[in-house]
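Below, chain A partners chain B and then partners chain C, in two separate complexes.
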Partner chain A sequence: MSIADIGFILTNAVVLTCIYGMLAIGISITWSSVGLINLSYGFIFAAAGYGAWWASNIFPHNGAIVMIAGILVGALGGVLVCALAFIPIHDKPNFPVRGMIATLAISLIGSQALMAGFGPLSKSLPEIFGSGTIDFGDMVLTADKIGNVLTSIGFVALVVTWMRSSRRGLEIRAMMMNPHAAAIVGIGVRRTGFYVMAITGGMAGLAAVLLSQTYYISPFGGLAPMIKGVSIALCGGLGSVQGAIIAAIILGLNEAITGVVLGGQYVLITQFLLIILILLIRPRGIAGIVDRAREA
Partner chain B sequence: MGNIWRNPLFNWGVDRAAEVVPTIPYLPPQDSWDRTKESKVKMLPVGRLRYYYKWPGHGARIWAKLRYFGTRRRLLYVRGEYNPKTLRREKTIVDKRPIWWLMGFLFLFVFPFILPTQFGGSLLAAGTIFGIYAAINLCWMLIIGTAGIYSLASYAVVGTAAFGTAWLSINFGLPWYVLPLIGSLVGLVFGMVIAIPATRLDGFYYALLTIGLNELCRVYTLQSKQFGSASGGLYGADTYIPQSWSSDSQSLLAYYAALALMLSALFLYRMVNGTRLGRILRMAPEKREAFAEATGVDFRRARITVFVISSVALGFIGGFYAAHFRGASFSIFSFDTVLLGLGMLVIGGIGRSEGAIVGTAIVVLLDKVLMSWGPWRLILIGLIMLSVVLFMSNGLFGIKKQFRAWRNKKKSERRSTRSEKGGEMLPEEATETRDKDLIYWRRYDKMQRDYLKKLVSPEIIDEHERCPLGQHSEPLERLLLYFRRAPQDDKYAIVVVDPFKAYRIVALSGVRGVAPRTVEERIYPSQEAAYHGVFMRRVQDLMES
Partner chain C sequence: MKSTLFYAIAGLTGWQRGSILLNGHEVGRTRSQGPGRYTHLIVQRGLALIPQGDEIFTGLTVEEHLDSGAFTPRAWKERRDRKERVLDIFPPLRKLMDTPVGRLSGGERRMVSIGRGLMAEASLFLVDEPSLGLSPKIGKGVMDALMSVELGGSAMVIAEQNVGLLEGRVDRVIGMHVGKLKGEASAKLGFQTKREL
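After this line comes the complex of A and B, so read on.
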């Protein structure tokens, strides 16, 4: 195995880590602020992919519009999930279980609707970042890889900065710390829920556009990225952005190393053994607090 | 207002008795009595009491004696009593669930023979699948409902056992009757492995992890050659269905075998959920673990025990699955299977065996019978699932409890709005009063005042002004009787300032030794004018009350 192969695998791992990390941060923020396990994230992902594909049919040569369309459709999907699975039942008994099952039901309905609407054939997006390459000795970095990494990191940085510096971000962070106290000091739970779901939906949409530079868009194509995202979020500790980043790096490294040493089909096995190991040592994930992270 | 009253004393030459006095028409006092007595409480359009059919005759003692062998459980809880009105002997079936179960079982047993012939085959196949899925869901319900572990890996356990046993059967020629046993072993191992994180993780962390495990199984079997990645599954295991039989007999045998599997899963459910293990866990529901622990209940151990028992059962079902379908397909690991399975549990209601079975029946029926709808049937199932989650707190079998809670809420809302002022006591005041006669006296008094207010009219006042004393018309007589009967404190009286020249109205204090107070400065020229003044004050007080 030459240096170039290892370099190829490593760059792939970095790209996928960035994208899955973004998904994980989305899941993590959703859980910690509104208390909803969003298992329809895969559906939002697929819907955003279809939205971007539809935009690319209308504007075939404009990458930015395709990307923005993906983000907007993702945000719309997030708002839809919020309106269906959060707003009606967030103050009812058994909300966590019912919310999770509601998102699962939305995922079932949504993916089947996509299947009925667009057919089972997968679609591909145009290359957003062009097709240029940069050579680093033996390694060849293509434009889409660089674009993927930069865009995902940039978007996450943007979201984190917005959450740190704006009034709305302050509200969201207050909800993440203690939703009851946030409600008492006058932060609207429902309104904040819409912001959170729109932002995390937008993250899923961007991830869908970026990932479809490598893979295809299909009605059920969101499931695998969602499970990756969930695993990373779980491993990093639900509710922690830093933890999700660390977990994404660890799992990305694991993926690269397992792929090189054992072979591609063992990646998931080693990944889950690693996650179980991490969770046995730290039951709330790497950055999670052992005590109850989120009451209610 | 045109009525007259004839004074009966006129003919006797009584002083100042007019023959005919104009007065008001007769108003029956019964009306205001009836109006007060009628219930003004808004009635709910639904019944307010639980309804039980009363069976006639004796026999409750016999039902109390009939027990399941070796236990003290009754077949049917029948209560015998005497009707308090007719004094006839009657029986009440307090818990009707055994009857429903029995009817359900009977229906399932005769199901293959009452099918319409044109789609008998597909319905029988659906019934077979229902049996297997109901068995899986019952075991899953033990994990989610009884043990409270949100594991989504139940189908992964079944699938692993099915693939493992099918592979062993193909490669080593194991006969079909060994497959469920080996499957149980696989389930035991798998269950112990995934029980390790369940001891540390709680709730949703575990749910998310098990979703991942399910996906891991799917991807692994999909990629590996020995599990038939090329043929869409692993087929060719030994089966319990004799190949020499006709296809009708084969499907009949398959149906009854699946039914037997479901019955044994129900038995297991009953044995785990209804005995000590289940009772321990019912004492330690989510968020009340600390209390259970403080009372010395080792709920963690109980949870893991239930989890492992269910995993063994799931492995057994996996072995049966392999022997039934002659192998296993990848679809058992797919996310949609888990989703539909969870949908079955949720639609029926989590924590109840009847919920698992009815939910399975609904989803399997929609899934298999509406096969021609394509993806729309799954959308329909998803919509049912979503609406159940949004509108019901615990599935179909939680409706009763939810409805009762809602009705009680409405009842108490209505009760709190029911408070009438003016003479009647508020409910809080009534409970505080020592003398309960007072409550009824006030009620009667209010009713009487309501009636008397309607009698006050210019005719009556003119009549009184003309002749304050002596015989009066019936309405005026009623008014005066009421006024005269008033208690002594604050009762009006007349004081003679100057005999035959000046009179004044005072109010008695009602206390011995305390002088009456002056009500007004006005001086009346005669005694009769003062009488009428007192009457007018009383009428005014009455109208203001």
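After this line comes the complex of A and C, so read on.
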């Protein structure tokens, strides 16, 4: 195995880490602010992929429009899920379980609808970032990898900055920390729910567009990314952006190392062993280590 | 019981019969819609609840915390002035503005909790057990600060076990026991009457 191979696998892992990490952050924010484990990301992901594909048919040579279409369709999907699975039941007893099942149902129905609408054949998106390459010693970095990493980090940074600086962001963060107190200071749970779901949906949409540079778009193609996203979010401690980022890095590295040492078919096995190990040692995820403040 | 009453007024818990008027508007919803669903509307009508046991956001800084108390549109615009006013009432918070609230001591948390309530543009402040869990000295300091608030046209209701802290400084004292009003005493009458109720 040469250095170039290791470099290839490492860069792949970094790209996947960025994309799955973005999904995980979305899942994490949704869970901690509106108390919903959103299992419909698989559908939002696939729908955003198809939205981007549709846009790419109309504007074949404009990567930015394709990407924005993906984000918008994802955000729209998030709003739709919010209206169907959050608004009607969020104040009813047993909401977490009901919400999980409702979102799962939306995911299944939506994916089948995509299959009925677009057919079972996979679609592929054009190359958004062009096809240039940069030689970096022995390694070759392709434009799509660099673009994927920069775009996902940029988008997450944008969302985090918005959450840190704006009033709506303050509302969302307040709800993440203490929903009860958030109600007391006058934060409308339902309205904030729409913001949260639109933003996290947009993140899923961008992840779909970026992942489509490596994989094809198919009606059920969102399932595997969602499972990875949920497990990363769990591992990082649901509700913490930093925790999700650290977990995504750890699991991405694990994927790369397993691929090199044992072979790619063992990746999922080591992945889940590692998640079990982390959750055995820290049942509430990695987040506690990086938290600056103790819980009340 | 006092807390339950406050929560019922804020729409944070369900109740059966009756009516809750705030500035002449009905804010109660007897048909249970789930706790907290309409609380933000009641807050917009001018209610500020300062809950028992410091319902705070542990990861927000003191400054963000105070901002979060000013969520009605006008209060948000005036939040700089309002923050100054709160800092004048609780000077120790001034140097803690960038500290996450989860790191503060119990007394400081109480100040933040009350300060957040005072940030609101409210006509009715409900203060639940402001001295609970604090040492007598700090509890008295918190109460002194509460008394120094200039209410203007607003009203403040304080639920407090330790009536001695309120002696001679409030307009009305109403006794409540197991959810029933047990009588009223003017503060000037002294508290002997109150204790016999």
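By our rule, the second predicted complex is superposed on the first by the 287 of 296 C-alpha atoms of A that agree within 3 Å, B and C clash if a C-alpha of one lies under 4 Å from a C-alpha of the other, contacts with A are read in each partner's own complex, and residues count from 1 in each chain.
Note that a residue touches a chain if its C-beta (ideal position, glycine included) is under 8 Å from a C-beta of that chain, and two chains touch if they have at least 3 such contacts.
Keep in mind the model is a prediction, meaning the values are calculated, not measured.
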> Should A:P88 be classified as contacting the first partner (chain B), the second (chain C), both, or neither?
Replying inline: first
>> Comparing chain B against chain C, which has contacts with more of the residues in chain A?
In response: B
> Which holds for A:I187: it touches chain B only (first), chain C only (second), both, or neither?
Replying inline: second
>> With both complexes overlaid on chain A, does A:N62 touch chain B (first), chain C (second), both or neither?
In response: neither
>> Looking at A:E171, would you say it contacts chain B, chain C, both, or neither? Reply first, second, both or neither.
In response: second
> Who does A:S122 touch here: chain B (first), chain C (second), both, or neither?
Replying inline: neither
>> Between chain B and chain C, whom does A:M100 touch in the aligned arrangement: first, second, both, or neither?
In response: first
> In the superposed arrangement, what residues of chain A touch both chain B and chain C?
Replying inline: 92
>> For a test of understanding, state which residues of chain A touch chain C in their complex under the given definition.
In response: 90-92, 167, 170-171, 173-174, 177-190, 291-296
> Which bits of chain B are touching chain A when the two form their complex?
Replying inline: 150, 196-197, 200-205, 207-209, 211-213, 215-216, 219-220, 223-224, 335-336, 339-340, 342-343, 346, 350, 374-376, 378-379, 381-383, 385-386, 389-390, 393-394
>> Under the definition above, what is the set of chain A residues touching chain B in their complex?
In response: 31, 37, 39, 84, 88-89, 92-94, 96-98, 100-102, 104-109, 112-113, 115-116, 220, 223-224, 227, 230-231, 233-234, 238, 265, 268-269, 272, 275-276, 279-280, 283-285
> Along chain C, where are the residues that touch chain A in the complex?
Replying inline: 10, 12, 33-37, 39-41, 43-44, 49, 51, 54-60, 64, 67-69, 71-72, 76, 100-103, 109, 116, 120
